Structures are given as structure tokens and as C-alpha cells.
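Naming follows writing order (A, B, C and D), and every chain is counted from residue 1.
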Amino acid sequence: MTENKKVKVAVCGASGYTGRELLLRLLRHPGAEVTGLAHGPSSEDCSMPDLFPEFKNLCELPVLGVDALVEKRPDAVFLALPHGAAAPIAKELLAKGLKVIDFSADYRLKDPAVYEKWYKVEHCDRDNLKKAVYGLCEWYREDIKKASLVAVPGCYVTSALIPLIPLLRDKVISPDDIIIDSKSGISGAGKKLTPQVHYCESAESFKAYGMFKHRHTPEIDQELSFAAGSDVSVTFTPHLLPIIRGILSTIYVRLRPGKSKEDLKASWEKAYKNEFFMRLRPEGTSVEIRHIVNTNFCDMSFTASGDRVIITSALDNLVKGASGAALQNFNIMFGFPEQYGLI
Amino acid sequence: MTENKKVKVAVCGASGYTGRELLLRLLRHPGAEVTGLAHGPSSEDCSMPDLFPEFKNLCELPVLGVDALVEKRPDAVFLALPHGAAAPIAKELLAKGLKVIDFSADYRLKDPAVYEKWYKVEHCDRDNLKKAVYGLCEWYREDIKKASLVAVPGCYVTSALIPLIPLLRDKVISPDDIIIDSKSGISGAGKKLTPQVHYCESAESFKAYGMFKHRHTPEIDQELSFAAGSDVSVTFTPHLLPIIRGILSTIYVRLRPGKSKEDLKASWEKAYKNEFFMRLRPEGTSVEIRHIVNTNFCDMSFTASGDRVIITSALDNLVKGASGAALQNFNIMFGFPEQYGLI
Amino acid sequence: MTENKKVKVAVCGASGYTGRELLLRLLRHPGAEVTGLAHGPSSEDCSMPDLFPEFKNLCELPVLGVDALVEKRPDAVFLALPHGAAAPIAKELLAKGLKVIDFSADYRLKDPAVYEKWYKVEHCDRDNLKKAVYGLCEWYREDIKKASLVAVPGCYVTSALIPLIPLLRDKVISPDDIIIDSKSGISGAGKKLTPQVHYCESAESFKAYGMFKHRHTPEIDQELSFAAGSDVSVTFTPHLLPIIRGILSTIYVRLRPGKSKEDLKASWEKAYKNEFFMRLRPEGTSVEIRHIVNTNFCDMSFTASGDRVIITSALDNLVKGASGAALQNFNIMFGFPEQYGLI
Amino acid sequence: MTENKKVKVAVCGASGYTGRELLLRLLRHPGAEVTGLAHGPSSEDCSMPDLFPEFKNLCELPVLGVDALVEKRPDAVFLALPHGAAAPIAKELLAKGLKVIDFSADYRLKDPAVYEKWYKVEHCDRDNLKKAVYGLCEWYREDIKKASLVAVPGCYVTSALIPLIPLLRDKVISPDDIIIDSKSGISGAGKKLTPQVHYCESAESFKAYGMFKHRHTPEIDQELSFAAGSDVSVTFTPHLLPIIRGILSTIYVRLRPGKSKEDLKASWEKAYKNEFFMRLRPEGTSVEIRHIVNTNFCDMSFTASGDRVIITSALDNLVKGASGAALQNFNIMFGFPEQYGLI
């Protein structure tokens, strides 16, 4: 692919941790060219090294308002903005014929009433919501190829869906009483300064938060219900790990009567044996965050005793949980090998 | 209490992390005098600052063989030795009429067959095992007062028992299907050099381990079965947190039919409202490791939704999970206020 | 000492990290009774567990305005307030006949012009400044005994003064060209939320700051000049370590012509061999932060090659660098053993 | 460059941290193909994911003995072995006509007597030592182009040489009394299990080590002496930072009489303004490890006051301090753009 045929991409919301990670990977992508960077509605013009000094010499593009970005006629725009802020901009970009890959929750939940209940804002773009594709690449690849709007799944959500979708589709595990005990690095809380992200409050500590209230819960339930063909309602508990990045979820499920751990293994292998970014780890071991940090891999393993199964899954919240998944979606949309920019 | 009436104590196994923590607290104890320190059977004579330079000026006692320690005629001996190494020495000390507070698993499991199955060693002191008191101070205080041998509970175990014992005794929660997802700091793995304790392998990482196999499982089951009055068999998953010390357990239980979260709260309050080291945190919040590090407190809280309850509990694995509990037992055995040395 | 003879103390500025550390130690002090806690001028009334949940059951006193605190008639007040905020309150308390131990920089610099140049605020209490004693216990003990106002030295400052004062007084090292390369844990930056204290910006990172500009520089120069009997002007570079607490200073000096490393050792031994909190570590080794964390010790060691000497010193910035030093001063002022509350 | 024209490379010593980092970058390199991996002389055959599970799906090559690797006829071999172990293998590979890029100290010091004094082993390949090129890319690029054997500089060494070489060549600073206070992450100590790498001994701590004795000292002196045209002998103090990777050096120098900070700035700009991997940071600020972690950049900045100058420099010890520098050398040797594999 010659230089002048590169796909032109823009990033809106380059000032956050996911914008940073996305840009680092786009710079390695042999088929994409970053033509514009934009900030959110309330920020000021600057340059990438102003926001992140590590981009000096690497990418010194200006970070401007969204309008300036559209003028550059990108083929695709990545929106790394908070929920609520993304939809109005996505709507405008889609109207101009651009492809949009959205990191926020604005297009993830199919039912706008569920969105409005959990996110406490009105949904301003119900038309596009209907057309949005849920960007879980390993399960919606064919839809993503044709999509003009992709909603990148939530980070915790992906760590739960990847191991559970095949097991529910293949009726290996019971859809009742699924417990997802997840632990995330602090970058999951974003750059915003809150007491809990102070080094002296988070280092050498650990806590749960958002019990029964975390906004990723309805998203997990939606996708697991699709997989199970019946209503699924999980118990999900997020925790804050004293590390910069990475998520590990410990998931408690039960085999259905008549099902064995061999069925579980077969279900995973059928789903993932040809998926580059999915790695099945040996039975009886735990996955580890250090094996997936800075990568787009999702590792998973299980241990069974009777009908009780403990699953562990791990991914990097900023990569497979956000920017890497976004880039993988982009690669599918534009016909690139899925690993481009992700190795 | 005048100086010459101080209780004479010795510590055997001063070279490990729990020995270190115990000694720091004994030095603050107004009624105890450390008269001897001993190492394990295979180590060499040295002094406390040789093992831990931080004891310079604080405690420069020699660390000798067990025999030398007995010659000093202590009133009580703390045994901070590995399982298997503790029982032979405890047996000898008890035969000499000394009181023994044992940190190991050797006297925790009432049934020696269970001990031998999980620990893969023969139990060499079944006689004393029958007399040993399980040192969970808040529940066995009266027995501890009269005990000559106390088995200090395991660290993970205490984090599970403290919130669950009252709820099972009071029949507030179902004894079936209790899931204990525990996370411990790295000091729990001891000073031994293994790849997993290398800074570069553990910092910025996280993993589960020992699924269905951790030796604290039968100990949890034993004590919860006593509390419930029926066989309890929990699902327990330990994890390794990238912090030096502290345990947080996230525990998933169900209210029994007809029971409400008010019953749960009442059960905890009845059990712990007069217990100095037990702290009930507000409903709907999580406990945090930073609040209990370096203390003998055990914090707990719960969040309920329908009959599903998520409990979090936290304690310092080296204090309430080992040395602090040992000292609290000592205080009970010798009639001191329980906080002595522990504030 | 019976309960009703305890010295009554109050702490003003209990909401910061140094206030927290001070209170933890006061609770262990057998001769002091905390009768009141106060917040800074712009904060609201609350209780200690509101500020620090770890104080539940330990100390649940209200935290009120300064006026309420004075009504309780304390014998001494610890002021853990920012510079500029401390002097007006100290002035008022001194006028009422209370003894004041001030953590801020307001009474450290003898020359108010130097204070005003470096701190950019006018000094509002020059009268008391003249009477203030510099609270470096090991060197001003006799003055502290009689003082009604003590200025607790800066944390970095203490790590520099302790090893250097004897060497300059005894003319062992050259007063020229002293380089102090200091590294401090993040609690040194306080609880204030700034980008640099965000876990994701500070963990796994390291940087220098304030080159030639840090406000501890004139304080180091003042005290070293007193010791040398001539003007000393050091090069001081602070750095931010990704740890919660602790300072290590690496100090580069030169032996004077005719002086040897034996003279250096003799100078240190003469100064510190009877000082409980001063620990000389073996020549040729480095001190380590882990040996002094949570203690009031200051460790020091040196390595020499020709006339070039590399000194390392370490202390806990929140203890010997602030609250522990304050309590040691208090013990001296009120005739208690210096270790009270500090072991 | 088409696939069948890729340069064939092999890595010997793939089991260490630098081997791991090198391989990750080689997998991204568009012009290189990894044809073989070898372990050190005393290890056993295995596969890359056996050593580092993170390579599953990425690189599953076997890791064999050196002989097996030579059979594959690579164009170049990277030797990531300890000093002493590298030279015998390099000698053999060079005799077979292969190009060798050596990570060890075996070919860095021009004078074998100096090598033998500091490393306490006899040098077994003095012939090739004479031909070896010191792989500091920014200063020896022309020699590297023609080299068959490159010695990759030490990690601390590079952090010192990069800022100092131009200033000594241009006679901006005095060659006397240069102090280099360096701080390195724990990966610098390698994978070997020693007490100091235990998480509980290194996290939340900090220390200096090897004062006047670190083996990088003669290497710094050699290269600075070349630059100055006269003998230079620095004072170098390494420290152990509680982070996985990264080095920051704080360097104390003096401007020569008549020289100003503008001369310093001009010297750096002349040397580095066209060097992609060299980044001059604003005067008066400090460089930060987080800006260079995982990259091949070396950042530097200075602050001056009178003739005293404080320089900070930072690089990733595993990248620009080892594997990245090795790959940059490879790119120069084989005519690739220097950034290949390094972005």
C-alpha cells in the first residue's frame, strides 16, 4: 500500500489516556495516516506534546476543535470522549458521511431507556443508535465490516463477555447466578484528579466500588442475554488495583447439568482457536495481568471442581478494553489485517 | 504493673515477616518483656539487626537456637515457624510447662486427617492438638483465657470468618454457595525468593492462584461449619496484590428466605459493637486496605440487592492476620487489656 | 504518671498527612492526652474519622475551629498548618501562654528578609520569630527545654543537616561545593490534588524538581553556616520517588586537606553515639528507606575514595521529618523520655 | 523490501529481560526476520512462551543451543548474555562470518587490562576487541555502518554519555569533578532472584549501591576521556528505584570560565537537533522517566545557576539502554531507517 493510499484518520479526544494509547498505535499502523487531532468541546487548542510530552518527535500535530478536524476530510474518526459528549459529535460526523468509532457508552446499549436510566442523560441520537454496531470484534466481525458507526465495548465488559459468550451460546453454563469479580488498574478512572487517584491513597491499597451500581452492568447483561437467548442478570463488582493498567476478572459460574469441563474447553476452542488476540491458558492456572499489559490480547483460563467453575480473564483496559479494540474495529472496517498497529 | 513483674516472652522464628511484626509490637507492650529470640531448626545464630537492620537501637537481642531460649524460662513462647516445623517444638515447650502461641497451621484443624490431607505431612502431636484453642479472639475468648496452646488463625481465614460467623450462627445467610474472592499483599508469600515475588514480575501485575487448592480452605470450612451447625464448603479464590501487606476479601452470599439486610446489620452489631478491633463500615461502601494497614483492625461492610449480598472485609495479613492476633491472644491469656501493644 | 497528670495537647491542622501521623503517635504516648483537634481557618467542623476513616475506634474527637481548641486549655499546641497560615495562629496562642510546636516554615529562618524572599509572604510575627527555637533535637536540646515556641525543621533539611552539621563543626569537610541530591516520597507533596500526584503520572516514574529553587535551600544554608562558622551555600536537588513516604539524600562532600575518613567517622560517633534516633550504618554501604519508614530514626553512612566522600542519609519525611520530630521536641519540652510515643 | 529479502537475525540469550524487549521490537521490524533463538550455555531447550507466556501467538519459536542457531545461517546475531559468557560465543560467530551485536561488557572497554580489573575475568578475545565498535549510535554512526562487531553501551553509561559528550568535546564544561547521581529501575538487576528484588524489600524503598565500585564507571570514564581529549574520572553513584524500568541521571557539572548556559544549549543543539531519539527538554525543567518508558528516546535538560549546572537525563534501561540501542545499531549496520522496530 503506497503512502498516498493510506486511510486518513482523525482522533477526537486525544487528551485522555485512551486517546494517547490509540495515537501510539496509529503511528505504527502501516495503512493509516493521522491527519487531525481534536479536543473535547470545552478544551483549548494545543499540540500533542503539550498534552503528553512523550509525543515530542513522535507526533507533534496540533490538537484543535472538531470543526478543524472535519475540514481535513478524514475517512474515519475515533471519538475518545466521555458519554454524553460523544453522541452529538458522532451525529454530526455521520451526517457528513464519515465513519465513526466511538469509545463512549453512547451507542452501546440498544435500548435508550436503559441508557438513560444508568447514565442519567437523555440520548440525543436515537436514529444512529439503531444502526450502531457493537464493536466486539470476535463476535460481530461481519457487521463491523459494513458499519459506519461502531461502539467500542466497555473495558470491564469485554473481560466478562469474551469468556462467557461462547459458554452461554453453547449452553455449557447456567445463565443464572453469574458472579464477576473484576479488578482494574487506576487508568480506568481516567486523568481526572480525585482523591482516590492520589498516589498516597491508592498505592499499597485496594478497594471495591460501585457494588450493584457500575454502568458496565447493563452492558454485560445485554450481551450475555443475546448470547444465552434469555435474560441474564449478573452480579458484577469492580475493584481498584494499585497498578496503572490492566483488568483481571475472576468469574464464578456453574456447569449445566450434564455438561463437563471438556464441554467448556471445547466451546472456548471452537470460538477462539483461530482468533489471534484470544489466548486460552492452561486449565488450573490463573491468567496474569503482566502477560497482557500493553497488548491487545485477552487471556483466559478456567479451573473446575464439580459443577463449580472459576474463570479468570485478563486484558489491558486501555488496549483490548478501549484503544486496541477501536483499532481492531478500524482494521476490520477498512479491510486491513487485524494485527496492524497492534503488535 | 512494675518492671519486675513483666511477663517474659520469647519468639521463635524471628527471621520472618511475622516475627518482625510481632517483635515491633512487643517492644511497645507495657506488660511484656522479650527475653529471648530463636531461629528455626536449620538457621544459624545471629542478632536481630543482622536479620532486620531496622532493629538497630530498638532490639539487638541475639537470635539463638530454641534450647537457649528455653533456658531463659519465658512465661510464653510465640512460634512463628512454618507448618510441620512448629508442632515438634510446641510439643517440647508445652511439656516444659510453657504457654505456646503458634502461628502455623499445625494446631488449627481439629481433625488430623484433614490436616494430613491438605498439608501432606503426618501430624506429630495429636495429644496437644486436642487441647489447642483456635485463637479467633472475638469468638473463643473464654477458651483462650484458659489455654496453654493457641493456634493463631490463618490470615485469609480471619478475613472470611469475621464477617461470616455471626451471619451463619444467626441464620441470616444461606450456608450454601458462599464465594470468597480474596486478595492479599505479597508478604503473604513470605520472604522466600520465588519468581512470583520478583518486583518485575509482581509490580504492575495481578493474578489468582491455588483455585480449589489453597490450604486455608479446610480451615474456613471447619469454622463456618461450627458456626452454621452444618457442613459448609466454600469456594475460595486467593489472589496476589502488588502491595506489601493487607488482605481484602469480597464475599458473595445470599440472605435466607425471610431475612433482610436489617437482620444482617443486627447480627453484625450484636457480635461486634463492643469489639474494639472490629469496625463496621457504612452499608453500600467498600472497606479499603489503606484503612487497616499496620493495625489490628478488621473492617467490614456490605451491600445488598434483593437476596444477594456482597460483603467486603479487610485486615493486615501480618497483624490481625498473624502477629497482632497472636499478641491479642497473649493479652487475653495473661489478663492484659487487649489493645496492649496493638495501638 | 497518673492519668490526671497527663499533659494536655491539641493539634491544629489534623487533616493533613503530618497531622494524621502525629495523632497516631500521640495515642501511644503514655504522658500526653489529646484534648482537642482543630482544622485550618478555611475548613469546616468534622470528626477525625471523617477526615481519616482509619481513626474509627481509635480517636473520634471532633475537629473544630482554633477557638474551640483554646477553650480546652491545652498545655501545648501542635500546629500542622501551611506556611503563612501558622504564624498568625501561633502568635495568638503564644499570647495566651500556650506552648507551640510549629510544623511550618514560619519560624525556621532567623532572618525575616530571607523568609520573605523565598516564601513571597510578609512575616507577621517578627517578635516571636526572635524567640523561636529551631527544633533539631540532637543539636538544640538545651534551648528546646526552655522554649515556648519550636520550629520543626523541614524534612529534606533534616536529612541534610544530621550528617553534615558535625562534619562542618569539626572542620572535617570543606564547606564549599556541597551537593545534596535528595529523593522524597510523594506524601511530601501533601494531600493536595495536582497532576503529579495522580497514580498514573507518578507510579513507575521519577523526576527532579525545583532545581536551585526549593524553599528548603535557605534553611539548609542557615544551619550549615552556623555549624561551619562561615557562609555555606549548597547545591540542593529534590526528586519525587514513587513511594508513599521516606527521604534518602545522597550527599557529595570533600574531606579537608589533612583529614581522613577516620576523622569523619570520629566526628559522627562523637555527635551521635548516645543519640537513640541516630544510627550510623557500616562504611561502604548505603542506607535504605525501608529501614526507617514509620520510625523516628535517621540512618546515615558514608563511602570515601581519596578526598571525595559520598554520604547517604534516610528518614521518614512524615516522622523524623515532621511529626516524630515534633513529638520528640514535645518530649524534651515537657521532660518526658524522648522515645515516648515514638517506638 | 519484499518478504524474501528480509535480513535474518538470531537472538542468543532470549530468556532475560533485554532478550524479551529485543524480540518484541524485532517482531515489529518490517525488514528483519527472526530465524532463531538461543539460550545461554547452561540452560535447556524450550520455547519462547515457556520463558515468557506473553509471547503466546506472537512468537512461539524454540529456544535452542547456539549451534542450532548458527545452522539457520542468520545475517546477524544479537548476544544478550552476561559478561564473560558473550565473548567466547561472539568469537565463534565472528569466525563464521556473522555480524554480532553484543549486549555485554565484553567488548566495551578498549583496554583489556581495565576490563580484567573491573570484571575479574580474563578477556578471551583480544583480537576482536580491537575491531569492536562502541555502539553509541549518535556518536559512532560511521564506524557502526562498517562494523561486524558492535558493543552496545551500558545503560547507566548511555544516560551519562549522551548529555556529557558534546559538552566535553565543545569544551563547555570542566572535565573535573563531574558527579553522576543515577537512579535505575529494578529490571536493571536482571531476573536473578536476590533479596533486593523481592517486592517486599524493594517496593516503597530506595537505596544507593556500588559507591565507587560500579562497573559502568570505567566505561563512562573511557568515553568521556575520548570526548574531552584528556583523562576524565567521574564520581558515579547508582541507586535502585522501586519501578520496573527506566533510568534518570542527575548530573552535576561546572561551566568552564567564559562559558555560559547559551554555549551549553548550543552544544546540545548542534549535536542532537537532527537526532530523532534525542530530545532536549525545556531549560529549568526535569526530564521524567514516564516520558521515555518503553521507548528508545533519551531525554535531557539542564538548569544553571552561576557556573553550576544540574543536568537530568532519562532513558529506558531496557530500550535505549540495551535492546533498543542494539536494534538501532542493527538498523545502521544493515541500512535501515533507524526508527524501524523502535516506534
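Quick notes on this one:
In the analysis below, a residue touches a chain if its C-beta (ideal position, glycine included) is under 8 Å from a C-beta of that chain, and two chains touch if they have at least 3 such contacts.
Please read these numbers as outputs of a predicted model, since none were measured by experiment.
Among the remaining chains, those touching chain B and also chain C are A, D. The interface with the greater number of C-beta contacts, when A-D is set against A-B, is A-B. Centre-to-centre separation of chain A and chain C, using mean CA positions: 47 Å.
Rounded to whole angstrom, the centroid-to-centroid distance between chain A and chain D, based on C-alpha atoms, equals 36 Å. Centre-to-centre spacing of chain A and chain B amounts to 40 Å, using the average Cα coordinate of each chain. Contact of a single residue of chain C with at least two other chains is seen at positions 203-204, 242-244, 288, 290.
Taken in their complex, chain D has these residues touching chain B: 17, 186-187, 191, 193-195, 197-200, 202-204, 242-244. Chain contact summary for the complex, chain C toward chain B: residues 27-28, 30, 53-54, 56-58, 203-204, 276-277, 279, 281, 288, 290-292, 294-295, 297, 343.
For chain B in complex with chain A, the touching residues are 177, 179, 181, 183, 185, 201, 203-209, 211-212, 235, 237, 239, 241-246, 248, 250, 252, 284, 286-290, 293, 303, 305, 308, 310, 312.
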